[in-house]
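My questions will all concern the structure given below.
Note that the chains take the letters A, B and C in the order they are written out, and that residue 1 is the start of every chain.
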Amino acid sequence: MRSFLFVPGIRPERFAKALACGADAVIVDLEDAVGAADKGPARQHVADAAAAFAASTTRVLLRINGFGTPWFEGDLSLLALGGIDGVVLPKAESATVLEALARVTTKPILPIVESALGVWQVLEVAKGPGVERLIFGSVDFELDLDCSGTWEALLYARSQIVLASRVAGLLAPVDGVTVALDDAAQLATDASRGRSLGFGGKLCIHPKQVAQVNAAFSPSEEELAKAREVIEAFERAGGGAVSVDGRMVDLPILLKARRQLAVVGCESSGEEGRVVTGSDCADEPRIS
Amino acid sequence: MRSFLFVPGIRPERFAKALACGADAVIVDLEDAVGAADKGPARQHVADAAAAFAASTTRVLLRINGFGTPWFEGDLSLLALGGIDGVVLPKAESATVLEALARVTTKPILPIVESALGVWQVLEVAKGPGVERLIFGSVDFELDLDCSGTWEALLYARSQIVLASRVAGLLAPVDGVTVALDDAAQLATDASRGRSLGFGGKLCIHPKQVAQVNAAFSPSEEELAKAREVIEAFERAGGGAVSVDGRMVDLPILLKARRQLAVVGCESSGEEGRVVTGSDCADEPRIS
Amino acid sequence: MRSFLFVPGIRPERFAKALACGADAVIVDLEDAVGAADKGPARQHVADAAAAFAASTTRVLLRINGFGTPWFEGDLSLLALGGIDGVVLPKAESATVLEALARVTTKPILPIVESALGVWQVLEVAKGPGVERLIFGSVDFELDLDCSGTWEALLYARSQIVLASRVAGLLAPVDGVTVALDDAAQLATDASRGRSLGFGGKLCIHPKQVAQVNAAFSPSEEELAKAREVIEAFERAGGGAVSVDGRMVDLPILLKARRQLAVVGCESSGEEGRVVTGSDCADEPRIS
């Protein structure tokens, strides 16, 4: 699970393309991309498309309207649809709403942390019932804090979200959008820095962002080659610390190398019970 | 409120210039800038200048000596003076001192967070009674932590102060001083980075720093033009997400654009009850 | 205490060289550098070398195996050896294990914070009984969080460790290893950035890293000259704020200058009871 592509609930003509563009998950949006007058029609489009969602191999998530809005309750009825694989909850700030949500659905919940309070209380959110992984809503967070969208301004929030996700034993979180639609270099930088911090994937706002995000959150050939080199050097040495290309390699580095190869399905990481970041492997089934 | 200019309480001959140099607030200092032998005379200078402070349109704040010093109690009597608009409390680390202070004055309190413990417990400080906004005492913090004054070394503390301020519903905090007195480039960088993180203003240690700080914490013409462009694009599209200059613009970005224009008095932000950063508008009354 | 050099417990032939290479402390490792089959022999090597450790002026610390491993209990018996000056505890995440450890030894404990949970709960660890200072286990942390080892990715963890150390009144913490064995430029950058954040020393994995680490965590001649200049300018001015080389210098900057000279034994810092980072002074006894 690397790319999470938004599609507005009010644009049913785009659903098929979104499902077919290579995204690991499609998030059908009932919230910000749908005006107040369109909330009802958007729900109907989702209901109408449920069979197509169910037939697709792409995961389909539904972003409902936030708790406290006039639409929250009504949106919940859509969660029972067979084609909906999980729910994206905006403005998550505490465990309370998650508990309410977990009472009406057993599907995975992906809370969006996108406010100062949400970041401050992120561990409570992460430990809420039914939570699969967190999403960082960077643009809303920027609005709430009245800060800029630079990496420096958002580093604390991003770091805290990654840390709390791991403390709570969740899957690696999903980083926020890159709003530049035609700037491949910006997207590449953002995706790479997000992955470097420990994010496992990234929100996309256009199908053309998907392939780049998938690539950035998958191990590169170079990384895999290095991981193999580390493992072989360890096996040759029979354990202990070894030197590979002038770098000291000891147990944690060996374990990380094993995990990288395990993610692409080529090795057992030996980490039973540990949550691993989903990624893909050329010509092999993807591991969730 | 963007520029907060220190003037030593022991230098009454500088008071008039400080009030007239364009600073949004003047902080008359009884603490670090006044030696032990001068504490009494400095208090007298403040009392003597109270009428001039009251007559000035510039806000006058008083930095008292910290709780636990021999001067704390005596300084409190000055808070009743008509010309003192608020109190700056050094070495704030918990709610206890704020509660004591709030019992003797109803004037706004601006606690300086300037120690490891203060940063760790910053939300407790921010939620203390009477607190209007926080100030980051970066030089003292650097001393307490025994770290350098680089942006990297202070990023965590700055980010946490901004975050806690928002969680507590305070006005955007005030960043620490730039000690370089004649380095306009350094001051510009510091002010711009502070604003980017979400600070609303900055301490000044010399009148010549004021104009630059005011400019850096006010929206630029370019920012205002972009904000107008975002709003117009939204109105043309009738809602939903639109593309402006190759960037996706949705609800939070629209709201941020409205806020920027509201700050300069040209538009309603639609955010009733939300605290907005004070800033100025050419030829218009400043919005608090 | 600036350089902390690891030596594998299973390599007794390296002990003498490690003790003699100029490191402020040697950490004899029973954990990651020793395979499961070698745990018993490594313990024996430590016992055999105890007299040599006791005779050395270099501090000798023992990294035991983590709580919950089959070796934790057995390793504890070595702590009574006269030549062991302290214990390094891996995978520290709470006060519980520290309490257990403090019941069996009164020697200083240096917990390694190296997991997401350890960083999240770092203040509890720092306040645990017997703790002298924290160590950041950056490579294990990187594995646990599944993040990269860049400065950006680890800045939050490093900053939080430094902050919690100061809140708990500990000595400045020890930064993690630089795994590049032959890259002096990388080591210099890492050491300098770590010191800038407030670390007081750094783990070393090879004797050739020691001299550079010692130098990086000692005040440079330039820093000492500046500190003297600050103090002299203050004395000339008779207190208050002064300008030195175009920079405003007030009380906290004066106190920092005094501390720098105190660390090298040339001045009293006037900070009685405050923990100061140990460092060395040419031809003078080191201050702990």
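Keep in mind that, in the parts below, contacts are C-beta pairs under 8 Å (C-beta built on N, C-alpha and C of every residue); 3 or more make two chains touch, one makes a residue touch a chain.
All values derive from a computational prediction rather than experimental measurement.
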Chain contact topology (line, ring, star, complete or other): complete
Superposing rotation of subunit A relative to subunit B, computed on C-alpha atoms, to nearest 5°: 120
Same-site or different-site touching of subunit B by its copy subunit C, using the half cut: different
Chain centre separation (subunit B, subunit C; CA means) in Å: 37
Subunit C residues counted as touching two or more neighbouring chains: 155-156
Complex interface listing, subunit A residues touching subunit C: 123, 151, 155-156, 159-160, 162-164, 166-167, 172, 193, 195-198, 200, 238-241, 243, 246-253, 255-256, 259, 277
Of all residues in subunit B, those that touch subunit C in their complex: 8, 10, 32-35, 116-117, 119-120, 139-140, 142-148, 150, 152-153, 155-157, 177, 179-183, 205-206
